[in-house]
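One chain, chain A, links the two complexes that follow: it is found with chain B in the first and with chain C in the second.
So, the complex of A and B:
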């Protein structure tokens, strides 16, 4: 029963994610694209649930849907692109972009079709949860990630300060004398 | 009906094809769009499908460990930092040039 449900949700969420992703890259309105991006990211959180990674699904909703998309919407409003209608890309641009995308997708698709991939199990498996992830993150041993974890916190601090410095007001005044 | 659905459960191959399709759509957006915010949103789709792959491999190759999930957490944190800096650059760019068209911003090209 659980396996049958996972089949249904896989195809349902997969169709939704692909549909909204095409809206993100194809919509003329930037704001509509941002809302569709939110749907794509939420569908991905659903995939994480299906794969048994509940903690990651929660993180995905918190950081991406709650943080990144809201930030993008803020910038869309700050830069006055709210009602902006972007021109449809020229035909040549569409062809080149489509060829680029197909040039990635078709080889990958072919390789996946003709390669023997290992199959562990189709049964619903609960991946290790937040407790195991937390232990791995703060583990000093050989299989631990405490160094990367601390570096990520430094990176977030740098991004915070960098974002403030780049986007602060008054940066223009110093350039006027030149 | 339930047996048929259970027999057609998604395998590793299906998940990988789905994530590479999402990646290809994002790639199209990066190459075709001109507005910088649209390009950033397409990049987000690509990053998201890459993270998705990490979870899929964690589930199907090494379901006992949590290393794929830890890597996914790191990538999500780096992506959030990248979005913050990128959007700050867009706000500054718009204040100075009144445009977000990436084809118009080519001062470093020559």
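So, the complex of A and C:
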């Protein structure tokens, strides 16, 4: 019963994710693409939840739906108007894009098809809660990730300061002529 | 392929009789959620009972939301009126109590207009995003030990995550209307919500640090000895004030209602909306106000936990007599009244003042507050410990 139900949920989420992913790629209206992208990312969060990784699911929603997609929508709103449509790409471009997509799809499909992946039951992998993740992130030594954590923090700080610098320059340039 | 459903994992929504290894003393509350009830019925192969719980929970939530909408419209009009030395609605029913029903009927009967140049699909979809965000937040709302839908381990993160849907609805509504006032209103609203979300989350983090949990029920249980607003030497109080200011801004209510400032933008992002769709936006806004109040009560005022004073046995015993549901409703109503009070007390801010308040005042204050909070937690230096 439990397995049947989760299988149903899996295929439901998968179908939703695929459907919206095609809209992201296929829609000519950029804004609709952004909305569909949000649905794809939310479906991904659903997968994580189904796999028992609630923390990851929550963070996925928080970062991607609440952050990235809102940012994309913001950018679209700043740049374009309602009538903004994407051009139909030329035939050559379509071919190149198709080849690129195949280049990704075929290896992944091949690996999944021809290699025996171990079946892991949820009893075998006890997914940690937020407290364990927090301790691991701030631990040093063999089982800790404090170095990576600090590096990412520095990277984000640099990005933040960079953003500020760019924003300030724009403001000064506008003031100079007057 | 073996994928398993979270519905069947006992660790998420298990019954809790104590709160683990934390020493809280006083009283222990047993938290039973709707999800736990459904899970239990399913384990007993009692599908009828599970169905009743599921359907009943759904119906009760929808009924509560619609009823709350009606009550709040009336309360807002009455409170506003009395702050301005008016009487407010008086004609329909006793002291105008039936006025919101008349308003509702009016909204139902209004023509539903979609601008010809609008993006029809997104225009129709936008209010539902706001409603979706609202219902998702209700999922983790702890009303009483008996009334909560799901007690997620990641309650606080979930709460922060789903607030993104509300922003999305506002942005979508403003953009798809193809109207410059709507667009400007939506931009303002979204910029404001995204900015103030930072301080809001930092304020919540302080409480998460104090209680050592992201789970709503555990956060409430950790306040059995005293509410977080005063247990931590002012840190809780500062966090509470930051939370209140940030959530007023996030609700787009006065004095932060720049996104719908009627003298500047006619109606902001919902200028082009009419009839039922406008009603949905409005309902989401009102219920979000209740939710912000309810979560303020949960995080800082002890949620459904009764008020206890140190070891005054008699006093505490009397307070325990009051049911948790009543405590929750009382605290939430107080917060709602506070939000309405703000609206008629403070003048509207300018856009630059709004951003300066967040980035130059609230954010540094909440960051420093978080540091001080960490010191308090590490030294274990609480009141009523």
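We adopt the following convention: the second predicted complex is superposed on the first by the 159 of 178 C-alpha atoms of A that agree within 3 Å, B and C clash if a C-alpha of one lies under 4 Å from a C-alpha of the other, contacts with A are read in each partner's own complex, and residues count from 1 in each chain.
Quick note on the criterion: a residue touches a chain if its C-beta (ideal position, glycine included) is under 8 Å from a C-beta of that chain, and two chains touch if they have at least 3 such contacts.
As the structure is a prediction and not an experimental result, all values here were calculated from the model.
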| item | value |
| --- | --- |
| Touching partner for A:138 - first (chain B), second (chain C), both, neither | neither |
| Which of chain B and chain C A:51 touches, first, second, both or neither | both |
| Partner chain in contact with A:70 - chain B first, chain C second, else both or neither | second |
| First, second, both or neither for A:29, with chain B first and chain C second | second |
| First (chain B), second (chain C), both or neither touched by A:3 | both |
| Touching partner for A:161 - first (chain B), second (chain C), both, neither | neither |
| Contacts of A:100 with chain B and chain C, given as first, second, both or neither | first |
| Partner with the higher number of touched chain A residues, chain C or chain B | B |
| Touched partner set for A:59, first chain B, second chain C, both or neither | both |
| Overlapping contact positions on chain A, where the chain C interface meets the chain B interface | 3, 6-7, 10, 51-52, 55, 59, 67, 74, 76, 78, 81, 119, 121-122 |
| Chain A-touching residues of chain C, taken from the complex the two chains share | 1-9, 12, 117-119, 121-122, 125, 152-154, 157-158, 160-165, 167-168, 171-172, 175-176, 178, 183, 186-187, 190, 194, 197, 212, 214 |
| Footprint of chain A on chain B - complex, ascending | 2-3, 5-6, 8-18, 20-35, 37-38, 40-42, 44-45, 48, 52, 55-56, 58-61, 63-67, 69-70, 72-74, 76-85, 87-92, 94-96, 100 |
| Interface residues, chain A side, partner chain C - complex | 2-3, 5-7, 9-10, 29, 31-32, 35, 38, 49-52, 54-55, 57-59, 61-62, 65-67, 69-70, 73-74, 76-78, 81-82, 119, 121-122, 129-131 |
| Partner chain B, residues of chain A touching it in the complex | 1, 3-4, 6-8, 10, 14, 17-18, 21-22, 24-25, 30, 33-34, 37, 40-41, 44, 47-48, 51-53, 55-56, 59-60, 63-64, 67-68, 71-72, 74-76, 78-81, 84, 86-87, 89, 93-94, 96-98, 100-102, 104-105, 108-109, 112-113, 117-122, 125, 127-128, 132-133, 136-137, 143, 145, 148, 152, 155-156, 158-160, 162-164, 166-167, 171-172 |
